[in-house]
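Look at the two complexes coming up: chain A is in both, with chain B in one and chain C in the other.
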Partner chain A sequence: MPRPGFVLDVDRSTPPTLFWHGEGFRLERLPTGSRVVYPPEPVEALGDPDDAIRQALLHPLGDSRPLPDLLSAGMKLTIAFDDVSLPLPPMERPDNRQRVIEVVLDMAAAAGVDDVVLIAALALHRRMTESELRHALGDRVYDAFAPHGLLLQHDAEDPAALVLLGETDQGEEVELNRRAVESDLLVYVNINLVAMDGGHKSVATGLASYRSLRHHHNVRTMLHSRSFMDQERSALHSSNWRMGRFIAASGVKIFQIETTLNTDTFPSAFGFLQRREWEWNGRDRASFLAVSKTLDRTPDRMRRSIFQAIKSPHRMTSVQAGEVEAVHAATTANVYRQHLVEVDGQADVLTFGLPYICPYNVNSVMNPILVMCLGLGYFFNLYRGKPLVRPGGVVIMSHPTPWAFHPVHHPSYIDFFEEVLADTTDPIEIEKTYEERFATDDWYRHLYRTSHAYHGVHPFYMWYWGAHALDHLGGVIIVGGDPRAVRRMGFKPASTLRDALEMAEDVVGPEPTVTHFHCPPMAMADVR
Partner chain B sequence: MSAETKPPAPARRLPVNPGAAFRRRVARPRGSFPFLAPTWPGGVERPPPERDLGVDYDTEWARRYGVRMARVVVTEALTRPLLRVLASPRVDGLDRIAALDEPAIFAANHASHIDTPLLLTVLPERWRHKTVVAAGADYFFDKKWKAHWFAFSINAIPIERQRVSRRSADLAAELLTEGWSLIIFPEGGRSPDGWAQSHRPGAAWLSVRTGCPVVPVYLEGTRRILPKGGGKLRPGAVHVTFGSPLRPGEGEDARELAVRVEQAVAALADEQITDWWTARRRAAARTTPGLTGPSAGVWRRSWALGARTGRRSHLAPLSPGGERRWPDRDS
Partner chain C sequence: MKALVFERSLPKFAAARVAGSVSGGLGARVGPLRLADVDDPVVPGPEWSVVRPRLAGICGSDLATVDGKASRYFEPIVSFPFIPGHEVVGDLEDGRRVVLEPVLSCATRGIDPPCEECGSGHINRCHQIAFGDLHPGLQTGYCADTGGGWGLRLIAHEQQLHPVPADFSDEAAVMVEPVACAVHGALRLLRPAEDGVAVVIGAGTLGLCSIAALRHFGGDVVIVAVAKHPTQRRLARDLGANVVAGPDEMARAVRRATGAMMTGDQLNGGADLVIDCVGNDGSLASALSVSRPGGRVSLVGMPGRVSVDLTALWQKEIDLAGGYAYGVEPLAGGRRTFDLAFELVREAGLERLVSATYPLERYKEAIDHAANAGRRGAVKVAFDLRKEKRR
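The block that comes next holds the complex of A and B.
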């Protein structure tokens, strides 16, 4: 029986706390009286996931009929799936997508469906490489579809491959992938890592164009999403739900398949990351020392390669299929079952360590903008109710924040960092002054469509992702980061946690209350 | 003439020992976490220690086919020849269990660590490799390596000796039901002075619960080879006598059966010391000498033990005339 998450009150006998620090770790002694939010232990995985998938497809939720009843010879079937941004880290083979898609294809073959196309739902993300596609789909699926041009990657800038369905009652344009819209059935295969994923967002975002996405990927929406991990209070989700219902009303038939994962995130060599510090045994401590000492002496590139090579052992904990909203309600309950930790009240200062990976740097570099996005976008928003830190409080993040970018994956990020942030860090000002230019830049568009680059507007979205936190907080301090890069983003650099806490006192007053959000593994604070 | 001056000799530097420097930096404990074990936060309740030893040790692996085969090889190729050399066992009474074709509970007196391997190697073929041994959980399963070793080598299962344990009793009963036989020493431990200890009702309880017969066994001479507390093996000769199987009677409870088992073992001991007919007559007259010896001081118990030792045994005949003698050292 996995133990639930809990909040530890730090006392003098509490051992130092592990902080992620990019491709490394820090052991920090938190002040006595601080609180540490520890995530729940990984919940039990499905014993036979393949059978669970089959049962889910045969007994769908909502008003959907079983998948075999929706398949027939001569029909046009499209299977869309989440891209490389999920799950994190990439999971050990077989990936959930492979398992699910193989069962769907089995049923399609039994029904005699010939016209089947697979589409990676990229939205404005970079195109996946062959090895990434093979990892997600498995070699059997890849080899059966890719050589015949039946494995596509959604292109949000190809006018011929997009179709404008219309506008929602709020005036939001809905422009989607043409193949998906014109299919007799669109099956969407999702992996829900956090509560934000899935639901109508899968299709309305994953298969949409910039024209459509800009209606919810903007500063106003993010400022009104409190948080965007809580669908009930998220303007981002409200917009996606409106679009999703509009898509359904337009006649696009969607069969949604969602899967959840447990937080068994790291292989045994990194087992100490999964355990509470006072429960570290000799092996954990030896592993920690061996890993951290080795990493200290390893060049950056190699260190990055080591971490990016990690394949996570997390396992499927649930699968549900059928009508989008019914499916997503069950999925969200399963995500909360794994992630939620009850926390009483807010603190003056919130601390967390940031890992080496976020959804947008898989097999890539965690550049400073992604550090901001991961910290102030994802981590800050991993709450339900109210943030872990009070309005006007301070967030202290730990990450090396190198002034480094992947030139192929993140070309527009470089210009955003050099040009836009040198001018202003205010999301509203950035959106008003610069977004349009980057979003419609022909060179970025070319790189997005033909290379493996994120869309020109993507760094803007990353910055908007942190807009709620920037609006809420009185200050942001990054421990151990490159001071130039940290200052460029308008944050304060600190060498040590102790220094950072002293600097935070200048903002929130003396003897602040401190809450540390312990990661890994992943959690979500239910703040009362 | 100016005095010739030499530049001052450079200060000699101590030789650098890169190995020592490395040890200082990497290997030497720094005196705090993570080099030392972490302290436990005051607000967190300590979970009960994980129990995977003692009666909680899982011996299921030792009954898998591959392990059983390995044990057969060890028993036949190593233990049996070794005990043949060390103990020259003489076995009587096999005819009494020749007709028995079901799992049985072999209940023997216990004086030495070699009792178990000896009994395992003299058991007839049909039981020898399908028998588990009830071993004290507190002694044989208190450390991982011991638990692994005894589970493998003698197919031991942990039995709680200090208190009643449903877990160990259930396991033994389950194995008997599944067709395994059981060697158990109802005294609960080795004899400290050569005299037997009172029987506990465990073997009888299992018999009542499962319906399996109890085969009384008397082992004589093992204490001379390896007594309790002795660290050295002394080759000798032992005598093993199997008795007739005992079954619980109609309405008989475990305590009553335990008494019968103890009397049967005592009768076998008497049979070794005297002869079968004498032993039978003394048993019928309820005058069989007890196994536990006189209730007297230490020296008198030792004195009496010397008088008792093996009249008819081929191992230690009485001195001419049958007079008393002091027991052998360590016997």
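The block that comes next holds the complex of A and C.
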């Protein structure tokens, strides 16, 4: 029986706490009286995930009929699936998407469906490489579809491949992938890593255009999503739900399949990452020392390669299928079962270490904008109720934050960092002054469509993701970051955690209360 | 009189070249420049006046000379020993303040009729700079007969003198000459009604003044300034640059400003006009790389021997033009560049670019400061001769 998450009160006997620090770690001694939020242990995985998938498709939730009843010869079937941004890190084969899609294809074949197209639901993310597609779908699926042009990647900038369905009652334009809309059935295959993933967001975001996305990927929406991980209080969620219901009302028939994962995130060589520090045994200590010393002597590029090569052993804990909202309600319960930790009250200072990976740098570089997004977008928003840190409080995060960018994946990020952040870090000003120019830049559009680049507007969304935190906080300090890069983002650099805590006192006053959000593995704070 | 004198001495010239290659300005410590007591320049005729410099700027070309980096091209068109200093505001003996226009044209050399260029006002293109009544010297400050601004007295022909308005500070007045260079460099190739994007490479005195000139005379042209140091970046923006980028950021900044695409590292479009105020291998290569096909590059910073791949110039049919000194500006209805420079100094408040002044005795410090102005947060460094004893 996995143990639930809990909050540890730090005393003099508490061993140093492990902080992620990009492609490395720091062991930090937190002040006595600090609290550490520890995630629940990985919940049990499904014993036979393939059978569970089959059962889910045969016994759908909501008002959906079983998948085989929806399939017939001569129909047009589209299967859309989550892209390379999920899961994190990429999972060991077989990936959930492969397992699910193989079962769906078996059922389609049994029903005599021969017009089947697979679409990677990229939204404005970069196109996946062949090896990434093979990893997600398996060689059998890839080889059956890709050579025949039946494995597509959503192109949010191809007018011929988009169709404007109309507007929601709030005036939000809904423009989606034409093939998906014009199919007799759209099957969407999810991996739900955090509470924000899935539901109507899958289609309304993953298969949409910039014209559509801008209605919820904006500063106002993010400022009114408290947090965007909490469906009850998320304007992002509400907008996607309005769009999703509009899509359904427009006649697009969707069969949603969602899977959840446990937090058994790292292979045995990194087993110490999965355990609480005072429970480290001799092997954990030896592994930590060996890994840390090796990484210290490893050049940056090789260190990045080592970490990006990690394939996670996390396993499927649930699968549900059928009508979107019914499916997502069950999925969310399963995500919460794995992630939620109850925490009493807010602290003056919130600390966390940031890992080497976020949804947008798989097989890539964690550039400074992504550091901001991961810290102030994702980690800060991993709460329900209220943030772990009080209004006007300080976030201290640990990451090397190098002034480094992947030139193929993140070209507009470089320009955003050089031009936009040199001018202002205010999300509202950034949105007003710069977004449209970047979003409509022909060069970025060309790279997004033909290379492996994120869309020109994507760095803006990353910055907006942190808008709620920027609005809420009195200061942000990055420990161990490149001072130039940290200052460019409007944050303060610190060499050590001790220095950072002293600097935080200038904002929140002496002897602040400190909460450390322990990662890995992933958790979500239920703050009372 | 007391003056800084630059003498012909090959060993010292070689020493300056070595020292200057170690660190800019070091040539002043070992080279042919020395503080000396020399004879006053001789007034050759009634059209000439004695000018007592008040402020005299240190220019990039002066620094190249002091550090032994100036091209050998200049050898036949200068005469030794000379007293440097061609950015000068000074007093006439009757007390009137004047700014010196240092080019030594046909008129100053007693050549009548003047050459074709001088006859049309383009004195910077004078054919006779090594002939006539004076020893060779393209400007005051490079001629053995005239003296220069880095001494207590110089002589100037009446056509070289511009009265300074009473409300002009000495700092404003000493900026007129470098501003005139920038105005000429900008107006030489500018097409105000057509140019959408102009790039200024370098943000020292010439670069910043070029930005001001483009903003003043260039209509709505979008100016991309390439600046290395924080003070330069701030001033570039204050003087009218729309975009300020570091040297490593230039190509991306121009791409964004022009909406161009890229093939490898090459832009498929680019800027209509590029003003290179640096004049070295890297800046010229950059200028060619960010110029659009059919674009224009104005070389304003004094170059020396440069090595650059000209394939882009050829393939993109770029017009590359030098921009030396000043004369008259057809684009401004044939007005004298100096008149336009006075106007621009006043309009843009360019006296703010004078960052530090030194007495002649501290010339080594002054030159070191000027050679490292950018990284030390300075722009124009000048000699202040107002408190020098006049004997």
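Here, the second predicted complex is superposed on the first by the 528 of 528 C-alpha atoms of A that agree within 3 Å, B and C clash if a C-alpha of one lies under 4 Å from a C-alpha of the other, contacts with A are read in each partner's own complex, and residues count from 1 in each chain.
Throughout what follows, a residue touches a chain if its C-beta (ideal position, glycine included) is under 8 Å from a C-beta of that chain, and two chains touch if they have at least 3 such contacts.
Predicted model, so just to flag it, every value in this text is computed and none were measured.
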item	value
Chain C versus chain B on the shared chain A, clash or fit after superposition	fit
Partner chain in contact with A:D441 - chain B first, chain C second, else both or neither	second
Chain touching more of chain A, residue-wise (chain B, chain C)	B
First (chain B), second (chain C), both or neither touched by A:R93	neither
First (chain B), second (chain C), both or neither touched by A:V10	first
Angle at chain A between chain B and chain C, C-alpha centres, nearest 10 degrees	130
First (chain B), second (chain C), both or neither touched by A:L27	first
Partner chain(s) touched by A:K293 [first = chain B, second = chain C, both, neither]	first
Partner chain(s) touched by A:W278 [first = chain B, second = chain C, both, neither]	first
Which of chain B and chain C A:R65 touches, first, second, both or neither	neither
Smallest separation of CA atoms, chain C relative to chain B, angstrom	35
Residues of chain A that lie at the interface with chain B and also at the interface with chain C	none
Complex contacts: residues of chain A adjacent to chain B	8-16, 27, 277-280, 282, 285, 288-289, 293
Complex contacts: residues of chain C adjacent to chain A	243-246, 249, 252-253, 255-256, 259-262
Interfacial residue positions of chain B with respect to chain A in the complex	26, 33-35, 37-44
Chain A to chain C touching residues, read off their complex	414-415, 418-419, 422, 437, 441-443, 446
